[in-house]
Amino acid sequence: MNLIGSSSQQERNVPSLVSTREMLSARYRSVRRMSETLGQSLTPDDYGLQAMPDVSPAKWHLAHTSWFFETFLLNAFLPDYHRFHPQYEYLFNSYYQQVGAPFPRAQRALLSRPSTEEIFRYRAQVDAAMTSLFSSVTEVQWPEVAARILLGCHHEQQHQELFLTDIKYNFSVNPLKPAYRADLRLPEPGASTTLRWIEQPGGVQEIGHDGGDFSFDNEGPRHRVLQKSYALASRLITNAEYLEFIEAGGYRQAQHWLADGWRVAAEQAWQAPLYWEKIDGSWQLFTLAGMRPLNPTEPVCHVSFYEADAYARWAGKRLPTEDEWETLARGETLRGNLRDSGYLHPIPAQAQTNPTQFFGDVWEWTRSSYAPYPGYRPNPGALGEYNGKFMVNQLVLRGGSCVTSADHIRASYRNFFYPADRWQFSGIRLADDR
Amino acid sequence: MNLIGSSSQQERNVPSLVSTREMLSARYRSVRRMSETLGQSLTPDDYGLQAMPDVSPAKWHLAHTSWFFETFLLNAFLPDYHRFHPQYEYLFNSYYQQVGAPFPRAQRALLSRPSTEEIFRYRAQVDAAMTSLFSSVTEVQWPEVAARILLGCHHEQQHQELFLTDIKYNFSVNPLKPAYRADLRLPEPGASTTLRWIEQPGGVQEIGHDGGDFSFDNEGPRHRVLQKSYALASRLITNAEYLEFIEAGGYRQAQHWLADGWRVAAEQAWQAPLYWEKIDGSWQLFTLAGMRPLNPTEPVCHVSFYEADAYARWAGKRLPTEDEWETLARGETLRGNLRDSGYLHPIPAQAQTNPTQFFGDVWEWTRSSYAPYPGYRPNPGALGEYNGKFMVNQLVLRGGSCVTSADHIRASYRNFFYPADRWQFSGIRLADDR
Amino acid sequence: MNLIGSSSQQERNVPSLVSTREMLSARYRSVRRMSETLGQSLTPDDYGLQAMPDVSPAKWHLAHTSWFFETFLLNAFLPDYHRFHPQYEYLFNSYYQQVGAPFPRAQRALLSRPSTEEIFRYRAQVDAAMTSLFSSVTEVQWPEVAARILLGCHHEQQHQELFLTDIKYNFSVNPLKPAYRADLRLPEPGASTTLRWIEQPGGVQEIGHDGGDFSFDNEGPRHRVLQKSYALASRLITNAEYLEFIEAGGYRQAQHWLADGWRVAAEQAWQAPLYWEKIDGSWQLFTLAGMRPLNPTEPVCHVSFYEADAYARWAGKRLPTEDEWETLARGETLRGNLRDSGYLHPIPAQAQTNPTQFFGDVWEWTRSSYAPYPGYRPNPGALGEYNGKFMVNQLVLRGGSCVTSADHIRASYRNFFYPADRWQFSGIRLADDR
Amino acid sequence: MNLIGSSSQQERNVPSLVSTREMLSARYRSVRRMSETLGQSLTPDDYGLQAMPDVSPAKWHLAHTSWFFETFLLNAFLPDYHRFHPQYEYLFNSYYQQVGAPFPRAQRALLSRPSTEEIFRYRAQVDAAMTSLFSSVTEVQWPEVAARILLGCHHEQQHQELFLTDIKYNFSVNPLKPAYRADLRLPEPGASTTLRWIEQPGGVQEIGHDGGDFSFDNEGPRHRVLQKSYALASRLITNAEYLEFIEAGGYRQAQHWLADGWRVAAEQAWQAPLYWEKIDGSWQLFTLAGMRPLNPTEPVCHVSFYEADAYARWAGKRLPTEDEWETLARGETLRGNLRDSGYLHPIPAQAQTNPTQFFGDVWEWTRSSYAPYPGYRPNPGALGEYNGKFMVNQLVLRGGSCVTSADHIRASYRNFFYPADRWQFSGIRLADDR
């Protein structure tokens, strides 16, 4: 988060971001309200579900995002603020070691107390105190406070996305295959689009966030990279294209796979993307609306990096690097099938409205390891743990997905997951050398 | 369950058990109501908790006990009965392979659906249908139906006990240490009782259930055993006595321990019974009322067989066999600190009212492996899986505990757990050779 | 080992066992030589193999048996004896915690040093020192020394049996399927024997060792048991009979299995006894002579207790208790297909020479948990760990096998293994109620 | 291996590499002889050791390197060649899936057969057949054959390095702490060298192998990179410097660590580099010569990437990228403490002879993920699995170590290991931004 850096950075950025406290306050309230809206279709029993260590219970997301404001804003800047509960600092810390050893991630489902009802009370107290903070903070403190609030809002939007991603996984293991929202609609099927190649000549490019607006700290420093000529596919790989790989024996042929991927695929008996199920000879997909027949023109989703990479090799291509992706994506309009479209599921490329699918639908695996950009230094203190300490063993994904907020994504945004992860809305765009 | 056996058995037993349908119907309703009463102090979030594979969520206990009546009574004997939901047969089957492969035990917490509310509706439908069955079943079917209903009631009482045992464990892992019921009272401390020895000369004894009333099938056939002279302690081992073992280094001295126990104790870093915690130099115990200071005159509880056996060796004694225990217990009045006393926690031996503690307080580990009595044959069909298939690797415990119903325990009752299990209310009575 | 007990026992037993030092010395030398003979067909590489934690490398058996004499005889009774190496006390201790924490069992294969050659030098030093001990020990010490030497000889014979059992397992995992000795012959196939039932009326029997000769401490005290009428099969179950169980779907039908067994069988994907392999449609068995076609009239071998028990249920029978077995076996002549016959593989029942197969061929699973006999107390000191601390979680097996020394077995001998163990030469004799 | 590529590459490279068959034949014989020489100080028992899945038995290295020549040369190019044994193709395949599923890596220690003696016979047959191949191969085939032989020689040198690395680990777990060679000498301690910074201005650099001599395929294509200004430390970090980190609490302070590293360090209870042991208050190191006191001026060795990275952060610096390293290293003379120096252990920087330590001593962790260079395509067929399929989850190390052959290393050489690996001779060079 480049707002929390040297004071010169703060001076430069903040005014352009939030001209008044009112604007930020409105944003805060809107984001906070959305988190609670997302749970409206859940039963009380659903809030505590955690079907694997990688996911978190819905109630935990609601509590942890409040913990963030309590820890980094209220405790630090609101005089006489009293924590809602003395042990929440421990219980709802995700991974900030400098705040103290966090409660073990894999055991979050064991916290039936505090109850969900109690957590809503916690949220209400935090919101009330934040209102006080907005009105009481001094001008001297405001730049730092504003930067942290903006970070807290984006942080909460990340957890809104995880809320949806996690509830999908949590429901998927239930033999009843419950729908998060049975009322979700899909768009009219449009004309299918042909895969073309977007050509890019070699040369020096600048990538990374330019500092003019909010970004996470891992998006900078902006820097130059030297590229060879390449091309990117004009749209995402579809279910139909991925089915060809399956039917050609792709999951049984070692030569397409990275060695680690081949091992994981064998151990976990992968035969298709996560959430695909063959029922009476037909493929069905588990979605946030329950089980649905596979739509061949939708982008393939819920593949690991290993599967994306194997598909690309099988197809005689490769995955893009993150700088190749960013170079072409930053010229695109920032629109697409994001959470705001309300589908909560990837949709076919729309020749008219969204032919290239750079934003939304699925996070696109790149072949780039998640690593610091040249000159990157994490911020001091616990907030320095936000991004930097994860810069090993993960791969960068770009572009946001159908469960990402439209005002949360941008061309320089770097998401990151382990190569075996599949519960994310993650898919494939091909690249090729020229 | 000896009621489900040859017809001669049925003819003999049933009339003496349930002179009218009304009596059994009243019992049914009373037992069913109790299961729901036990959850009154829980939040909605608590019903789904499962902190280890050995325990089950509270809502699962409520559903499974209803499944039992649906599967073995309503489906079998009530014409035109329709199951509440087609998949509940699978979801709430505990371990009856002949009914179909059950849903995996360790994943019961993943079933946020059906919601607890739905499970209460399930219970209501089963209860209504059972009322129909009581009034519609023919005289010809009645003996078999009555036997199964009685079994179902005892089955549900077993799960009531597990409900309390499991919620204690589930709460114990929460750093907030929630109380199941903070209002639980304890008796006035009475005079401490001295440990004496009850002497029993050698000879032939009959053990096992005599068939005059309800029993589980594993309590029979009644048979003769040849005993050498022995003595049993006149009361349970107390916390103070067990503390001596701890303070003498009992957990660090291999010579007291069975080899398997020594290994498990090292792997799990046992230093004291489960739920003991040393806080600021003083021992505290987690109870169903939350954390409480250790009471030295209470019976020690939540020890594994390995710990019970090591304690006995350290003390120069041994654990009883189950036939030794039964021989002396059957002469005792069936009273004690059972669930009905309302403490839900073991209490000191009461010189006046309960000096020997044979019944209630804690299940008493015996040195007897859980095995079939001579001539035992499991019943035909799925109900034959009730007890017989567990007759290996477990040890017999006797006497019931402070969370056992008073009308559910008897001298011939055989409970059984693995030697490393500690989440049960399990304790120690010493024996010695003579 | 009842020789290491009260002095009255020693006075009674020793003279009848070893009339002169010469006899015991000869026995010692003979047993020690045999251990080394067993390795003559091995390559240097074979001596260090350990294909699972339950088995030990051949060289470890050679070292540990020497450690036994060094620790319990030479160190204790030979003045000025110096240990061969200061760390061998640790490295070659099997499980005697009172001697000090042993080197971890599962890591014995990691000890390439000391080399096998060095271990033979160790053996030579121990043998030389034992010769000194035989000639120097005083009359006062002799009874205790003699008792320990005899125990050490039987201990080494147990390890000779394990040497063969373990090398079979170690070789079995090698795709080359090496033969321990390709030259092993088998007997001429004789007439097949019909399975009859040996009837035994109920009543009181004495079981346990009578103290007239060597026994392990777990074989006593001799005591009376009360039996109901029963019958034992007149011979072991054959491969052909067990094949019927397999072909009838026995491994796929839960109703025959104990719950723990069903779980293990699923986890380990059991479809047949250990060492059975279906090659081109025909069953073959891995033996100490390499792969051989299945002989239908041989006793089935390398089944776990779970499989033996499931077979018995499927056959409508049960396994014997250990006292039933002993009652009938003690009337039999102690002969059979033991190691001395040289087959090192179970052979068909021989109508003329060995119709009942009580001794040799395979260890016979009983349904009796391994537990102390009434009045049993382990010996004081480290030798008390020999047997007593294993008396939980295991089942008793009786009768010795084709790799047991003829002078090492007797009717009261109690072997014990976990119910899932299959690498032993273990098989099935049926019992039935009468 | 860029020799196995387009024919144009072959035409260009081969003549410059091996002007005559004699030269390559001499190299082959010399490399093969060295592999056998390395085992001269081992006992027969040592050849089969495998103390963790990452390491291989010494005998396996001897067999697998022969398998390489048999599979890729003799089978392919020598008419009428018969494999030494039909199952060796399977047994000694390391990871080439296109040759068939390999024998499981973690079970290599279970192959006591073939014996080491047999494997030496295998080597002899392969060597004899290779002599035939050298003399019989046609001119047309020669370029391809020569390229593969050269690859086979470098492959065998890699395994020679692993032979030493693995035997060190295998011996380290033995409480006897055996020396691979107790006679290893160390150099006279020279003057300690001060750590300076080698400055490098930003700009475009070419990295990767230039194709003029042998290289592995992962070293190319040569390509341009854009660098910012930076500096590299003038020598490796020493034990004394690393001890400061330990003593400052570096292993207990999360803020220095990558999140994955912190987790691994906790799980494995790291407190110091591998092979460090504090004995009576003094640090000792296990070496190929046995235990030795820690030398403060030696380079620190056997640290994981996580430790190297944490050290660098603690020191306020960072690790180099691989292109930064290569840019400065290619200007250095290729000399250093490599296997040929005979120390088999890192030594202090020598102001006169080896001040910068770019080559030899320890493999230097870079922060660069092991990934394909732009335009990289693996070779067709099974040899394409040599490097390419490992390009995920690993980090690049540079420079060779004290167990690397001098004629096997170069500035463009890319080694790669997982970030938690410590059994390699791996150490630390710092970098910094400018």
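Note that the chains take the letters A, B, C and D in the order they are written out, and that residue 1 is the start of every chain.
Just so it is clear, a residue touches a chain if its C-beta (ideal position, glycine included) is under 8 Å from a C-beta of that chain, and two chains touch if they have at least 3 such contacts.
Because the structure is predicted, anything quoted here is derived from the model rather than measured.
Trainee: With centres defined by CA atoms only, which chain is the most remote from chain A?
Mentor: C
Trainee: With chain centres defined as C-alpha means, what is the inter-centre distance between chain A and chain B in Å?
Mentor: Averaging C-alpha atoms per chain gives centres 48 Å apart.
Trainee: Averaged over CA atoms, how far is the centre of chain B from the centre of chain D? Could you give it in whole Å?
Mentor: 60
Trainee: If you average the CA atoms of chain B and of chain C, how far apart do the two points sit, in angstrom?
Mentor: Chain centres of chain B and chain C, defined by C-alpha means, are spaced 38 Å apart.
Trainee: How are the chains arranged in terms of who touches whom: line, ring, star, complete or other?
Mentor: If you draw each chain as a dot and join those that touch, you get a single closed ring.
Trainee: Pairwise, which chains touch?
Mentor: A-B, A-D, B-C, C-D
Trainee: Enumerate the contact residues on chain C facing chain D in the complex.
Mentor: 43-49, 51, 59, 87, 90-91, 103, 107, 109-117, 170-171, 173-176, 178
Trainee: For a test of understanding, state which residues of chain D touch chain A in their complex under the given definition.
Mentor: Against chain A, the touching part of chain D is residues 95, 97-98, 204, 223-226, 228, 254-255, 257-262, 305-306, 309, 367-369, 371-372, 374-375, 384-385, 389-393, 395, 419, 433.
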